[in-house]
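Two complexes follow with subunit A in common, the first pairing it with subunit B and the second with subunit C.
Then we have the complex of A and B:
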């Protein structure tokens, strides 16, 4: 029992550090690479180059530098995930807190609707909208991911809010006649912050693979604009011969999700009760 | 019990109706129609196009189309798949067994494996092996299923040649007992890619729950009463620790179905996921509606099974 909490703390720190590193790399992308992510350096001589000193992570079928595509891809992937999390967290908190504060019939209505939406496979919903719209720009894609991901947050917030509303502090505030709006912003939301932090980290860990999965299917971020998902699709025809085009984005995606998951579980442990 | 079951069934039917109506509307609002590949050419006369759209009723208001669709489905008619040139019912009947096999095997493996490993590691939480397994699970659940599938295709299938790269069986391959072996051989990688991340989540939940139950007062009481240790572990502790896992299982069913779409595409698995993916890309309205209908029914049934299991494991849930 002795070693576990400390190593978990370490895992959370490593996770946070990794996320910060990826974020910084995304921001500083132009200064970290000599090549633009969309430049086809020499489609005849430099296509499918394995990793070397000149091209750290090799080049892809169009002779584009994989390292720069990975760096700039982090911008798309992380940006979309962050925006999606913001949207889903806002929507989920609103619905969840409203359900907990509102009269019982509104609560039932909201929660049944949430359950029904949860019954639709998320990827299918995204597939319908994205394929329908043809191509989606980056911002609408992020909004869409957020709009289809708020349900779990709503359930968690609803549960936690009802628990909090029964605590002496909030019961007292209610009994003193604090209006619902003020009760929500001044009393409920601050107490919800730990729950929201966990929900946000978990939502981030879900949004990254979802975006890259969509982009991998050719329905998310469109080439030539790089994202971690559509990098993978480039090497699909011969994955083995061009392993570097698949392995490095895979490591980036899995590492980011792992970091976010480790952080979420550490936050949850720290703030439970 | 009977009344509760009926109420659940009615709720489930409402959810299915809601899901199908949502997808039905969304795909019709999207640009394009089932004929956009064949009839969008400038050389196709406008009358032909509108006549074809009218023939299938796609020019009607969406609510009217939906009511007609529901009426047809009730009579057992799922419509005509434009992209496949066959009735939707036949297309689904051909694809559903493959997906049921894939999802069923993966779900069974994930839950049985996740629960038993998690129960063991939770009970022996202090051992270093169980801490290592917990960390391994954390790693596994962080790798999205389609990445696992890609890696599986690259390593075991392509590089080492141990498994077939795709498909559900060898075309014109062996029959009989060898045919079964051949099918299992094809099944292994997609099932693993689908099952491992789910198993990892199940395992961690089971681990946490078992660890908490281990310290509970009723376990101490049972032990003081001289109940055998194996009985304590499997009847008293495990049954209580199953509750969070089962409630997770119900919610997670839809998410698992999302994975099927990508996994089936990567492994060229001839199932519902691929059917739906292709249907969406070609705006095959009836095919999409049929696929969504089957998926929604599957999700609702899965959630209900999880609920029933939850009522068995936790008698407190029976009152609700």
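Then we have the complex of A and C:
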């Protein structure tokens, strides 16, 4: 049983390393780039420059530095994804744990509401809101992503909480007379942490492409601010002649999603033992 | 088949730890005649289980037998078997029953199917396996074999699971059966009937039995020879004269006398009993998606009794008789199907929310596996202080101070207070559970098998501690156990539960 798990373990480590690298690069973006992400260097002479020593990842149609836009774009994309995950995880945990602890009818009410929301495709829900409210600032966009993404977490938390509530230590706490609030914070939540870590990583992996998708459609982060989705949108006019403007953002998105998924499944395996 | 050869020959078996070089078994040599019953006794750590694993060829990879070690099953040299050759031996000619039956059964497979699978793995047809399984179930005193075969392991009591494993082990009429503490978890009555059935089967099939146990009484009643192990060696080898199969238990304790005088006083003062249980019925229903019906299992069937203030009442009964269901019903952890439970004059079923939580202060519980009932990430002192905090008895540092005093009262060393449950031994965890239950100064303590997981010495210590605390605090205790001697040590009255119904009450 040594071969396969070790290579999976390696995948998880590479995933964690990749995410850390992207996070650090996003944080250190001002020091790692020579040009501001929105500066048009010389729209006539420097547009569509292929990768070179001066512009590592080339320039786009407005002569902006792609390396700089990619790094600053990571700030928007990762930031939105992180905030969205925080929101969805908090909401999901609250709803799920409440459903597990509360009387039967509240449980039924909450879980049926969750099911109903799950039945609406998330992208459709997002498009409806954005279409109604117009394009959003970064923070409201993140909140919106979080508010439409908590249902799966709620389901998982409800399931795991019900299982945990029947374990001897939670039953013991209940028999001692521990009230629900304290039961939740002191006994249940710490036992839920593994589940939440998996849910968070998986939610992150889902939020990154969603942001990119919305931005690509022009409904996410407003141009000329960079985000990975915007980079793709900018590249759309001539993807084949100027491969560098589409390949690098695509690699960044795909790599991040893969890394987060690898990490999620590794965490799940570790804690399921 | 093997003529006059002994069924099992062990010669100079030495097992070492590959890493540390420690010797776990040191030149063990013995022979077992065909059909003999050999007991192997010794304290924990003496090497009994390592010996069993070595015989089965199941030593963990960190351990290895030396080259001089030879093991013979009839004329088969076990020490020279390749892994694929083991498959024809293990489970057919040489079988083993472990201490924890739940770990040895597949939770997602009906027990009948598991036994049949074991039969087919060694060349029996499905019909033959099923026939033999049903026959063995019946002979091992399992009720309603056909229905039982369709149940899943978790639906059976511990004793039933153990017998299912025994049936699996005896299916092919093995040459040698190794039973490692296989009947330790069974109550005495059941243990005797299972061992009787096993003896009969064994004689018929000519199986040699290696009975590993820390219970000297069981081993000497069942075996014609006893090997005593200590520190990885055989230090004693004695043959036993045949004896009566039901060892006498004698108990003498002053606790019952004290308890009954307290009870008499209570009666004199005309107090209502602390607990009144009337016509209690507990059913478990299980909906089936396949068959359009729900299966109802009646765990408790019309039980009535009272417990007076300061009285210790025992409840004994065979495995699966509904003892734990009674405890859980009293504690409002399981729904009551019919009947009433009153704590003094309060109908427990009428309580909701805050009132229910406040009642829990007066009614405390030591669950069956007390160690598992302690939240693993919290410190012991915090766990004990919790009862004080949630019932507003004491807060913060005062609660912790009182918790440490309680831990001292139940005889735990000072270091235990800041430890986490998994850093303590089973016996210590049992004491933590006791301190936690006593923290709220309850009126009634429900103890579900408080000593079942402990070795005899610790068992006595915990029972003595319970008795002392009971006297000091004038506690009422409802003591559930399959171990009659444990109950009789403390209880002034003993109720017997037999498949959900009450047998005659007995006075110790």
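Keep in mind that, in the parts below, the second predicted complex is superposed on the first by the 271 of 273 C-alpha atoms of A that agree within 3 Å, B and C clash if a C-alpha of one lies under 4 Å from a C-alpha of the other, contacts with A are read in each partner's own complex, and residues count from 1 in each chain.
FYI, contacts are C-beta pairs under 8 Å (C-beta built on N, C-alpha and C of every residue); 3 or more make two chains touch, one makes a residue touch a chain.
Everything quoted here is computed from the prediction, not taken from an experiment.
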Review point. Between subunit B (first) and subunit C (second), which does A:262 come into contact with in this model arrangement: first, second, both, or neither?
Key: first
Exercise for review: For A:190, select first, second, both or neither according to whether it touches subunit B, subunit C, the two together, or no partner.
Suggested key: second
Check your understanding: Taking the superposition as given, does A:120 touch the first partner, subunit B, the second, subunit C, both, or neither?
Key -> first
**Study point:** Touched partner set for A:85, first subunit B, second subunit C, both or neither
**Key:** neither
Review point. For A:22, is the partner it touches subunit B (first), subunit C (second), both, or none of the two (neither)?
Key: neither
Practice item. State whether A:57 touches subunit B only (first), subunit C only (second), both chains, or neither. Key: neither
Study note, to complete from the structure: Chosen between subunit B and subunit C, the partner touching more subunit A residues is B
Practice item. Could you tell me if A:129 is touching subunit B, subunit C, both of them or neither one (first, second, both, neither)? Key: first
Check your understanding: In the complex formed with subunit A, which residues of subunit B make contact?
Key -> 11, 14-15, 18-19, 22-23, 26-27, 29-32, 125-126, 131, 138-139, 141-144, 146-147, 150-151, 153-154, 158-159, 251, 254-255, 257-259, 261-262, 265, 276-277, 280-281, 283, 288, 292, 295-296, 299-300, 303
**Study point:** Complex interface listing, subunit A residues touching subunit C
**Key:** 167-179, 182, 186-187, 190-191
Exercise for review: Would you pull the subunit C residues touching subunit A in the complex into a rising list?
Suggested key: 331, 333, 357-361, 364-365, 367, 369, 372-378, 386-387, 390-391, 433, 436-437, 440
Review point. What part of subunit A is in contact with subunit B in the complex they form?
Key: 1, 4, 112, 115-116, 118-125, 127-129, 131-134, 152, 205, 209, 212-213, 216-217, 232, 239-240, 243, 246, 250, 253-254, 257-258, 261-262, 265
